[in-house]
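Provided herewith is a single structure, encoded as structure tokens, for subsequent inquiry.
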């Protein structure tokens, strides 16, 4: 009970600080810009984690949902439709697409599902690239006006809070237990009455809707989207890496991962092209080999002052 | 259709590694790309004829692969499959972006008289490199089959692929076999990449499309059968050759993804596996 | 006689050319402990998986409480009220013992507990029943084999089954643990749950089961009281045939 009160208090303080930042920070423009990215990425990573972390279904094609959200909002606003309609439409379209691909793809297990998602991500990118009449093809789409930065900032913050709160709620709910059981042993979960395919599809749907909203915010921030930016494999890679850095299948891990991810990108992207992805690759290898539970695992280890049980990596039916 | 030889050559390694270690080598794309770049680099920097490059690439990649298995892959073999998948995904990221850093993202291609040569066979003009690559695809298939069936090491690899514990019981050094199989798998990927550089221009990113094709091929053929791979390569190249008649060339790559996803979903055991099951049933 | 709670008719499963289960008829009476015996490879575990929906038969039907459950997915069968343990224990290794059982309590047969607190309460009750409450907060992977087998039972029990299928829950246990587990099985029965158990330990089967069915090569060869079946000539020769071959 104590720990719970403490972590709730910590969340409250962090949230209050995040709300206060735009009004107190000097160099507000720059700070807001960085924090905006952290919150947006944090929301995206948390959304991915619902399926990849909680349910253990690693998707390498989640950019598809971001892209659908971004393009829907961009196209609808170009037609003069209000954001209040465009953004939910983007989320729902992403969610609908997730059902279209999820129902067949979840007949596949674990690694096979992951490989299929590479194909799905690549296929959606190619479609966006070639459906020129709708998407403008390789030259992308440009949006006319953006809401002020402070509105974008609060939109990203709100999405991030909603995602993390949703994750925290799912984690302790019946649904969360279903997902955790699926991650560890789908067969055992089935025999205990868990409708595994339904649960996975629900997680994918939620994940896709959140990414659809994130895609809309992304499009409104950059005012320019192209198949290689929002549908690109680099985006999918980022979505995989952030939760792993922070702690796969945890509530706050993806947000931590987003902080690290944004920081490394800001530092390295300017120095040398692709140095950031190189760093992420090395980081990914190091985490998987030494501490598959990511930053939160390291914190846990330091706090308890002991080594993880030797079988920590040897999970599953082998 | 001659491209089938290439498709096969770049997929054998994937099937071998899956067969023995039961992990999916997501880094295959990285090694394909690296094989192509090393061939290009040997050619431009030292004027080594691209056909000779595999003489250096195959042993080098073998050593690299074995070392990788010994240092990293071995640590995650007992873990959930997703862990090894993520590890090799990391390796792929490193290789790909190292290539960006070293060779930049510019498109490279190898240009020698050999590349442009054609011969006429039965009235058709055929590109010599394509014929060569096809021949190599067949040759590697035969060589690999002979190796796996006729040598002690090859038999040990097959035994391990079939039943790891039983192989250990009859005295096979399973850990060593893992290292060797992974090494051979990587060497095959490097060789495939070297062949690739004869046919296509490339960038550090180009392995991805081709690697997806490899997955498509091994899934078509069954994830652990070498003959199945040749069969899968043939099917995919036929599907592509057929498909381009009905859709724009820019969508050609889509064919393999659609085939991949459909096959994964309809025939999770691959065509060969399904045939086998049908015969038994 | 009352309608059987669970019955199989002509249940058949082929693996390639091999007939693992061959036209088996099986009736389970409400409230009994039915033993399923047979030499290795007789098809006992396959029969269990067919009933539990983990595998689907090539032919035949499974009826539970008057409803056909043939070809229903495993989770549906569990929700209907037939729970199964796995021959090779499959705990969720990274969850605590309690959380393992909470999964069963949250899902399984209706009515289900409302909310996490009620599910935990139900799970704790199942753990207490199986003598595991002391380990509730340990990670499941830290349990020894006997503990993991109990966890399998507790998890299945938490799904509130009417019929519980126990697949070799005694295998690998020492005599003390065996006796404790048999006592547990009796207690579960006394609380109204019908039990079908696959078992190799014939002495245990004789002690606890009210009725026995013997399978050999996928076919039912004998059925009746423990004494009758264990002295049946065909059963004895099947066992001797495999153990002394």
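As written, the chain order gives the labels A, B and C, with residue 1 at the start of each chain.
Definition applied: contacts are C-beta pairs under 8 Å (C-beta built on N, C-alpha and C of every residue); 3 or more make two chains touch, one makes a residue touch a chain.
The structure presented is a predicted model; accordingly, all values stated were derived computationally and were not measured.
**Q** Using only alpha carbons, which chain's centroid is the nearest to the whole structure's centroid?
**A** That would be chain A.
**Q** Using mean Cα positions as chain centres, tell me which chain lies farthest from chain C.
**A** Using the mean of the C-alpha atoms as each chain's centre, the farthest one from chain C is B.
**Q** As a quick test, compute the distance in whole Å between the mean CA positions of chain A and chain B.
**A** Comparing mean C-alpha positions, chain B is 31 Å from chain A.
**Q** Would you kindly tell me how far, in whole Å, the mean C-alpha position of chain C lies from that of chain A?
**A** Centres of chain A and chain C (C-alpha means) sit 41 Å apart.
**Q** Averaged over CA atoms, how far is the centre of chain B from the centre of chain C? Could you give it in whole Å?
**A** A distance of 46 Å separates the two centres.
**Q** Indicate the residues of chain A shared as contacts by at least two other chains.
**A** Correct list: 315-316.
**Q** Inside the complex, what are the residues of chain C that reach chain A?
**A** 52, 54, 73-76, 78-79, 83-84, 86, 90-95, 99, 102-104, 106-109, 116, 119, 139, 141-142, 155-156, 159
**Q** Along chain B, where are the residues that touch chain A in the complex?
**A** Going by the criterion above, the answer is residues 24, 72, 75-76, 78-83, 85-87, 89-98, 100-101, 104-105, 204, 208-209, 212, 215-216, 219, 248, 250-251, 253-254, 257-258, 260-261, 264-265, 268.
**Q** Which residues of chain A touch chain C in the complex?
**A** Interface residues on the chain A side: 172-174, 177-178, 180-181, 184-185, 187-196, 309, 311, 315-317.
**Q** Quick check on the complex: what are the chain A residues that touch chain B?
**A** Against chain B, chain A makes touches at 56, 58, 60, 104-105, 107-108, 110-112, 114-116, 118-120, 122-123, 126-127, 129-130, 233, 237, 240, 244, 272-275, 277-278, 280-285, 288-289, 292, 313-316, 318.
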